[in-house]
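Pasting a structure below so you can have a look.
Letters A, B, C and D name the chains as they come in the text, with residue numbers starting at 1 for each one.
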C-alpha cells in the first residue's frame, strides 16, 4: 500500500500555485477550512475557483485576494450572515475584482461529473430559459437529437487540484465519507491532483471492513493529510458540530475591509499552522463541539467477521 | 412508513404483462432467479428485455419464450457453460426469434443512467469505431460541440418494470445493497415500476443506522417482496454462494430443446411457488451454500449509537 | 380543537403558512431559512410522513436538531438515505421530488426569481450594484420540481415588472413558455410572503393574491407590488399559527438562528451560551425511529 | 531461484504468461476465465500491489476464493471499494484503469475483436450462424483502457483477415484510426495465445509474433493465421510457468472451474464434492488484510 501522507504545508506548496484552478470539496459540512488558511498563508493569487457551493473558506480566500475568477453556483455564508467579502470584490473590486461564471448546484456538479467520467460535457434540463445561460457562453443549448426539445450542455470541469476533507482515509487515499457527500465522488475524479485531508488516517484493514462505504479510491488520490478538526468552525458528520459564535466573529469582522484584514491577521497570518490554530480556538471548546455532534450522531462501529470468526 | 409488501405472485401479476419492457437487476450475483421462474409460470410473452448483462434468468426466460426483443450487452452463462438457449433462439428461431439491439456494459448502463436522470441521452467515448454502432441505429455519433471530436450518444432507457434483488429493504422500499452493485442504483430509478425482492425485510430503524448504505430510496419503489434465497443457484454477497452443480444441471439440460423443456417442467411449471422450489432444492443444501458464502463474507453488524447512549 | 398562538413573529407565521403547503405524500426539497423550518414543522405536526430531501444528499432524516443549511450534519441524522448532491438533483430531474421550497431577492408576476445580482442604475451582471449568492440549487429546483413554493418578504422594489436576472425560472414570459424552453417541472404554485399568500392563475400564469394574514388589508399588500396585482374573488384571511406549530419552532430553533427573531446576525454569542442552549434543546426532544 | 513447473496445462501456461503482463503499478480490469486467473496469479506472486478491478464494482478485493465471473461475491471480499458498474467504467473512461484483459472469438491483424456473432455463409448480424454473448464490458475496455491484453486460443478460422463484427476496437483500420474515431484508450498491447505471445508494431499497428512457447515452432503458429504474419527479429522462447504460479492456480481453482483442465463443462458434479472442495480450498489459504 502506497504511503501518500504529507503535511498540509507540503500539500499546499506542492499542489497549488499562482494561477491554478482549484476545487474545494463538500458543502458547508466538511468544507476544508484549514486548507483555506494554509493557501492564504502561502499567498496564492489568481486562482480560478471551480465549485458548486462554497461558504466560509471561499469568503476567507476572497478576502485574502486569492481568486481572480470563480465558476460556481453559490458563494456566500448562509443563515448566520452574508457574503460581505464576495460582495466587496464583485461590487467594488476590493481587494480585487472577481469574474463569476454562473451555474446552478446541479449543473456545477454535472461539470465535475463530466470531468470525472472523461467526457467533454453532460446534458441537463436545468438552466433552460434562465439568464444563467445568457451570461455564460460556455453553456450550449441544442435541440435534443432524440426529440425532447431544447436541452442544455455544460462543459466538463477538470480543475488542477481539489482538497476534500473526509472522516477517514487510509494512507493510500481510500476514503470513507459519512453523512451527506455533496459532489465529492465526482470532484475527486474530475481534478488532476486530489488532496485528501481527514480527521483520521486508519489502517487499510478498517476500510476493508465495509468497502461499500469507500467513496474515493486510492487511484484517484495524490496525497493524504491527517488533519483533525480540519473544518472548524464548520461541522463534520459524526465528529463535531458547527462553531457558530466563531463564524459570527468572522462575519462581524467582514463588515469592513479593515475588520476582515485584522481577523485574517489574527487567525491566519499570525498562526503558524493548524495545530497552533486549534490551540488558539481552545481544546476545551473543540471537545464541546465534538460533544454537540456526537450527542446526535457518531460514526457507527462496524463489526465485520466471517462465520468462522463468530 | 408505507407498507408496500406483497407476494411474488402478486408482484409479477401486477407489474408484468405481455409486451412489457423489463429490466433485471444486478449481474451474476443477485440476479433474481425466483422472479424469472414466476414470470415463466405466469406465461408472459413478447417481453422486451433491457439490461446490461444477464445470465441464468435470461437463459431461462429465453427458453420459455418470454422475449421477443433484447437490448443488452451480454446474454450468456459464463465460465460454467454457454448460452444454448439464446443461441437456439437467434440462430434457429426456437422457440421464437429474438431481435438483439447491441450495446456494451457501460453504454447499457448509461442508458439506465440517462433514464434515471430524466435525460433523453448520455454521451460516451465507448462504441466509437465498432460495429455495435453499425447495427444499432439508435446510437448517434455527433461531433462534440466542445471540440473533442466524435462522441457517441446512447438513448435513455425507461423500462416498464424492473425486479432488483437486494440483501435488505424496509417495507417502504429503502434498500441497502452489500457488495458489488452493478447498475442497480440507476436501474431502480430508470424503470417505471420497481419491484424489490429481498433476503430480509428489516425495520426502518435498521436502515437508519447507516443511511450511506441506502442505494435505492422508497420514492423509487413500487413493491417489496421478501424472498430468502431468491437468487439460487446464483449468489448473494454475505448470504449464500453459487450452486454450480445445480447450474450445471440446467446447462446440461439446455443442450437440447427437449432437455430444457423437461428441466423447466420439473423446476418451474410443476413447482407451485418459491417456497416449494426451495424445499425441492433442499434446505440442507441451501444451508451449506450459506456456509460457503459466510465463511468468506458476512454482512457486518452495525453498532450505531450516540455519545449519550455509549 | 386547534389552539392558535397568541404571540408569534411574522417569520413564524411565514414558516407556518409555508409548512401547510406540504402533505404526507410529498417528497420535499427545502432550502435554507424559512423553508427548512417549514419542512421541520410539517414533519412534526400535520405531515409526519412527509419525506424531506436536502441538496447535500440527505433524505428523510430524523433528528433532535435542525439543519441550518442544506447540507449540515443534521440533514443525515438517522436518515433513510445519505447520498450525493448530484444524485438528489438527478432524482429531481427524473421527477421524484414533488415540491421544492425556495426563496428569492427579486420576483416578477410570472414567478421568475433573481438571487444572482441586482444590477442597479448603469450596472450589469459583471458590475452589479448588489452581488447576491447565486443560484445554489434554486435554478434546478425551479426547473425540474413538480411544483415550487416561493418564500419572500414583501419589500419595495422586490416584486417588480422585470427582474434583472432570471436565476430560477417561474413561468418565464407566460403561458407555454416553460414547455417551449424545455423545462420539465410544473413551475411555481404559491408565494408565501409576510403579509399574504399568492397563487398563480392556471390560464394566465400570473401571480394573484389568494389570502391575507390576520389584520392585513389588500391595499397594504398592493403598495409593495409594481404590477397591477389581481386578487382572488375568494380571498380569505389565513389562520394564525397554532400553539403546536410555534412550540415546535421554539424547540427546534432555541436561539432563533433560522427564523432570526433572536437572530445571531446582530452580535457574537458567547460560546458557553451557545453550547448550553443546544444541549438543552437536544435534551428537550425525543426521537422515534 | 526460479523453479519451473514440470507439469502444466496450456491454459495454465496462458494464465502465467498473461499474469506477467501485470505489474505492481497497474490498475487492472480483468474479464472472465483466464484473465481472472491471471490477475489472481499476479497478485499472489510478482505483483502483490496490483489493484484488480471488476466490472460489477469491486476494487482491490482480498479473498480466499476466486471469482468465477466479473461480479461474483468474491469480487468484493475485503475489498477497498464495492461500487457500481457504471462507476468503474466511468473511472476507466476517465483514464484510471491502466490495463484491461479481454478475450475474443475472432481477431484480425489490427487486434479488432468479435464476440457478437459469426455470420457464416449467407448469414448476417440478424441471422448469424453462431450467436455469441455480445460485448459485455469488452468494447468499453478496448475503447478506453490505457492498454489492453487479449487472450485467445489459436484456432483455424479465428485469426482472420476480416472479422464479421467489430465488437471491441483494436487499431481499427490501422495507424491513426483510433484517434480519428475519437477513442481515448491506447489499444491492444499484446495477444496471449496457447502457442505464443503476439505484440503490435508501433508504426504499422500490425500484430506480430514476439515469443513462442517451449517446444513450439513459428510454422506451427503461422498455420493458424490467415494473414502473412510478421515475426519479431528478436523472437525468443518463453519460460514455462513456475511451480509457485501453478500452485497458486491449483489452490485458487481446485475444481478447474476457471482454467477448465478439470472443467465442469463436461458433467454435473455432486453437490457434496463441490461443497467439500470449496471448504478445503478456503481452509488452505490465509489472508493478510
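The rule is simple: contacts are C-beta pairs under 8 Å (C-beta built on N, C-alpha and C of every residue); 3 or more make two chains touch, one makes a residue touch a chain.
Computed from a predicted model, the values in this text were never measured in an experiment.
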Touching both chain B and chain C (chains): A
Interface with more contacting C-beta pairs, comparing A-D to B-D: B-D
Euclidean distance of C-alpha centroids - chain A vs chain D, Å: 40
Distance from the mean Cα position of chain C to that of chain A, given in whole angstrom: 26
Distance between chain centroids, defined by C-alpha means - chain C, chain D (Å): 56
Per-residue overlap in chain A, given as positions that touch at least 2 other chains: 118-119, 124-125, 144, 148, 151, 178-179, 181, 185, 212, 295-297
Shared interface positions of chain D, touching two or more other chains: 58, 76, 82-83, 90, 93, 144, 184
Graph class of chain-chain contacts, one of line, ring, star, complete, other: other
Touching pairs among all chains present in the structure: A-B, A-C, A-D, B-C, B-D
Of all residues in chain C, those that touch chain B in their complex: 27, 49, 51, 58-60, 62, 76, 78-83, 87, 90-91, 93-96, 144, 184, 289
Residues of chain A touching chain B in the complex: 118-125, 140, 142, 144-148, 151, 153, 155-156, 177-179, 181, 209-210, 212-213, 291, 294-298, 300-308, 310
List of chain A residues in touch with chain C within their complex: 26-29, 52-53, 55, 72-76, 78-81, 83, 86-87, 90-91, 99-100, 102-107, 109-110, 113, 124-132, 135, 144, 148-151, 178-186, 235-238, 241-246, 248-249, 252, 285, 288, 292-293, 295-297
List of chain A residues in touch with chain D within their complex: 1-2, 116-119, 174, 185, 189, 204-205, 207-208, 211-212, 214, 217-220
In the complex, chain C residues that touch chain A: 32-33, 54-58, 63-65, 68-78, 82-86, 89-90, 92-93, 116-117, 125-140, 143-144, 165-169, 172, 177-178, 180-184, 257-258, 264-265, 267-271, 274-275, 278-279, 282
